[in-house]
Amino acid sequence: MKKNIPLLIVLVAGLLVIFSEFIPHRPFSMITETLENWFMIISGFAMLLGQISLIQVNSAKVRNKDENWVYYLIGLISFAVMLITGLLWGMDKTAGILGHGEGIKTWLGLKPFDYLFENVYQHLSATMFSLLAFFIASAAYRAFIIRSFESNLLMITAVIVILGRSSFGAMLTGWLPDSLSWLHLPKLTDFIMEFPNSAAQRAIMISAGLGVIGSSLRIILGIERSYLGSDE
Amino acid sequence: MLLLFGAFCSLTAGNTTLNVSDVPHDAGDALLIKWNLPAAYKDLTLAKADSAGIWQELNLSQEPVGEFTDTDLAPNQEYRYRLTAISSSDTVSFIKNGIPTEQWFYLKKMSFLIFLLVISFAILFYIWLAKQGKDLFIRRINGLDSMEEAIGRATEKGKPILFVPGLADLDDIQTIAALTILSHLARKSAEYDTDLIVPCRSSMVLSTAREIVKEAYQSANKADSYKEQSVFYLTDDQFGYVAGIDGIMVREQPAANFFLGTFWAESLILTETGFGTGAIQTAGTAQAHQLPFFIVSCDYTLIGEELFAASAYLSKDAQQLGSLKGHDFGKLLIILLILIGVVMEISGLHWFTNFFSPEL
Amino acid sequence: MKLTPLVERRIIYIVLFVAVMLPLIFPIGWRTEVSTHARMAYDLIDKTHAGKVVIISFDYDPSTMTELHPMALSMIEHAWSKGQKIIVTALWPQGPQLADEAFEQIKKTKFPNKVYGEDYVNLGYKVGGMVSIQAMGRSMQEVFPEDSSGLKYEDIPMLKNITTLKDVAYVSSLSAGDPGMKNWIMGAHDMFGVAVTGGTTAISAPGFIPYINSQNQLVGLLGGLKAASEYESLMGVVGPASVKMDAQSVAHLLILVFIAIGNIKVLVAKRKKSQQEQEVTNG
Amino acid sequence: MAEFMRVFGLYLGAFFTFCIFSFLYKDNPFYKLAEQIFVGISAAYWLIYIIYNTLMPNLFDKLINDFSGNAILLIPAALGIMMLMRIHPKTAWISRYPLALVIGTSAAISMLRYTKSDLLQQVSATMINPIVPGSVIETVGRFLLIIGTICGIYFFYFSKKQEGVYAVPSKIGIWFLMMSFGASFGYTVMARVSLLIGRLEFLLKDWLHIIQ
């Protein structure tokens, strides 16, 4: 019972969305948009579940004095600070419970929430993102090794494109005569990107598309139901 | 449809027209405007009356005969158009109204519908065949066969398993596919008594993942060893989430990492850190742009479709395996369609390609 | 010497960090080979006569500043060095502010004598993209009754002879997306025959190449940081784009060196192993 | 004071930048600190963001301003509250109904979207005339595009063991995949290095004023 009704909901919701795709008449033409809107609202509520989990997990670690518990305490504090400043004085152009906090704004230059966002959050996020520059170098060093025919293809195309996209790629092959201009590194890069690369990307997208049809169908028809959990 | 006709100046030729008609088989958001003027008229201006009745120019055309489709309209509302044309001797102006209406079928989506139906029926047919007890062959998929081995390794070492269900929310099919794989992995790890760590980026995924892991432990008769806190939420932020997982990888030192689902730019941050900790890494995604990074830094990678085939393959359930046969039918069909399309194009027949490339 | 993988990684990281940082502090000024598209854009501005009025449209926001701002700086400098007068427009709300920053910087460093209202004017942001451009073709003053600081259109000296968009020598759009260069091509060029050039991010550049055609819908194009540095090298300066492009090129080169070292290491290890094996079989 | 706080903010930013960079060497107290602050702050950030930018405008404001016109929004609100029933183990099963709705619609929407953009559009984009008079390179490229796409699709074919003749197209498919992976990898290098340049610009320009 606790599992059958959800399965029925999945079936009805799924079929409704699929039918409505081909019916341009209201109310069907509105269904997908409405459901997507609902999704935003439901997930907005659900967000609280995550936050509760975060508080539970961290406070358990603090209570049990786990290794590194101090950091988890700091995590909880930063969560609380951000939440409270956001609720009290709002963010950007939105007012909070206490309005816009003009007094604090003259002192800080920004709302406290925005101050933390700009000076802490954004830098943490941008720096975390920039680690990719390092990791892409170490991954290239380790992975682009001459081994088999396939791994050579991987390496050679990568090297051509890396060269072709930098400023000396053009210089390196600039002396080539016009008849061989297609070997010009930037041109070769464009060629690789446009043809062999697109071909493989298309193959991946097309077969994945078939996989999606299969997966969705199994879910909508209730053949795949493991995500619904137990029957108790 | 109300037609309003007004010529402000005298006309020299007789068969001049301005026509405004509804575009058939659509959501009632477009009107087709056609005009047919004598060749002497140049400098045509088409204008539409806005809500305040003021004429707003739509486009300029030098052609005395032409058409224009006005889109993004609201259904069942009346719109008014004016065409002004100038010739060497005079200026003419026409005004006409039109109402876009909704219909019950999108004609432009015909090929889409046929395609979807054919593939779906093929999948259902093979599921039915499997139900009849027909033995269906599916070749081995390395990335999937190795999953159990990875869990075994973690068990030997007494280290946990890390499962990351992607960075997308539950509205992405890749996340759902990843969660169905989680159900198999959780059962295995329950059987082996190996700890499972599942950090989640969104609350909906968290809820679903908890249900799944709990159910898996129950079905392995290990309900007591299920710890709710092993499936937890970190943050909704892309890089905050990644920072947290990186911390978990270096501190908990999981022996097997699974990154399945939707990943964006952060993919390499995760797998390089995981590589540094020496874990066996299995990744899978349909995000074509992230696959290279998984390929170079993971031991096994499920490419595109393999992610969606995984749960069916792992379940070893005949019906689920049957559905994979349906995918395969689709592949052969598509290869055939492409070949026909190429031949048609070479012979200069474009209707075939056009049928498959509607404006969706 | 035997390095563990962990130590190797650390070396890679530190070398990369330093190698990217150094060219930023000490610019190298590598000459880049100039693509035809960058040269076309350069030539258009270079061959426009002194005293002509031109439009530079700031159709981007801070998120794409790294790529587009250097182009804006170069184009302003180039146009001024040729004695042209610049009208600033913006199809993106944050554009006028970025334009002010750019003009301040150029005035401070290169052209202290340029006067607001005589040599340049900031007409500010206009919503609507295509519609505004069409309207400019009828009357500039109607679209911009006043500039971004509230000065009346008729009181701005350099705009005296500018009644419609057709009176402008060229439009250069620095475009991060929609609305942007596409609207200028369809509006300014296709409808009013004004030459259009400009720059975009590297990612969206391929989409604009078809417009560089026999109808000259688009006269040249700067695509991304690389093209921005090409433009700087055409002007003979080492600007912000060249500096960043140097850092890019160093990083690219370094990664290639890492790949080479990785291969050499594997090769040496293989040779050693086969030697050892031979010794074992011989011995 | 605001000026001091602005400069202080720069120092804060620089401090956290170095905290994250220190992870490249190894896990350390600074990274742990930055990581937990990051997780805490960003979790709260998104909660506040969703409240102010999704729940308020799309739900609460609408219900307050025009209740009867937006009464249908009570359905998602109720489903959202049902989701929250998960908190208590006894009522947790109630959350399956909203989850079922979400999964059902997601599956269907994904099915439609992927079929449209990833399947049909890619298939029709491959139906091209490969012969381009006057351009050998374009012709070669187009042939590669067609062959690569077809062999690539065959690579994913599950129903045959890939041996003998059947292994040939899937082998070619792998070659194309490998070339594509190498090319995408190389193509991304520039964008990733730009991120590092961006960070260095912050440190050297905004914080230290070493460069202009």
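Going in written order, the chains are labelled A, B, C and D, and every chain counts its residues from 1.
Note that a contact is a pair of C-beta atoms (placed from the backbone, for glycine too) under 8 Å apart; a residue touches a chain by one contact, two chains touch by 3 or more.
As the structure is a computational prediction, the values presented were derived from the model and not from experiment.
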Chain of greatest Cα-centre distance to chain A: C
Two chains sharing the most contacts, counting C-beta pairs only: A-D
Computed distance of Cα centres, chain D from chain A, in Å: 3
Centre distance in Å when chain B and chain C are each reduced to the mean of their C-alpha atoms: 33
Between chain C and chain D, centroid-to-centroid distance (C-alpha), Å: 27
CA centroid of chain A to CA centroid of chain B, Å: 15
Shared-contact residues (touching 2 or more other chains) in chain A: 18, 21, 36, 39, 42-43, 46-51, 54, 68, 124-125, 128-129, 131-134, 136, 138, 140, 142, 144, 154-155, 158-159, 162, 165-166, 201, 204-208, 210, 212-213, 215-217, 219, 227-229
Residues of chain C touching at least two other chains: 9, 13, 16-17, 20, 248, 251-252, 255
Junction residues of chain D - those touching two or more other chains: 20-21, 23-24, 32, 34-35, 38-43, 45-47, 83, 86, 96, 99, 102-103, 105-107, 109-112, 114-115, 119, 123, 125-126, 146, 149-150, 153, 156, 177, 180-182, 184-185, 188-190, 193, 196, 198
Chain A contact footprint on chain D (complex, rising order): 1-3, 5-6, 9-10, 12-14, 16-17, 20-21, 23-24, 29, 32-56, 58-59, 72-73, 75-77, 79-81, 83-84, 86-87, 93, 96-112, 114-115, 118-119, 122-123, 125-126, 137, 141-142, 144-153, 155-156, 173-190, 192-193, 195-196, 198-199, 202
Chain B-touching residues of chain A, taken from the complex the two chains share: 18, 21-26, 29, 36, 39, 42-43, 46-51, 53-54, 56-57, 60, 68, 124-125, 128-129, 131-132, 135-136, 138-140, 142-144, 154, 201, 204-208, 210-219, 223-224, 226-230, 232
Complex contacts: residues of chain D adjacent to chain C: 21, 24-25, 189-190, 193-194, 196-198, 200-201, 204, 210-211
Chain B-touching residues of chain D, taken from the complex the two chains share: 20, 23, 26-27, 31-32, 34-35, 38-43, 45-47, 83, 86, 95-96, 99, 102-103, 105-107, 109-112, 114-117, 119-121, 123-131, 146, 149-150, 153-154, 156-162, 177, 180-182, 184-185, 188
Parts of chain B lying in touch with chain A, wherever the complex brings them together: 25-28, 75, 102-106, 109, 112-113, 116, 119-120, 123-124, 127, 169-171, 173, 176-177, 179-180, 183-184, 200, 202-204, 206-208, 211-212, 214-215, 218-219, 229, 232-240, 242-243, 251, 265-266, 268-269, 272, 275, 286, 288, 291, 293, 295-297, 303-309, 311-312, 319-320, 323-324, 326-327, 330-331, 334
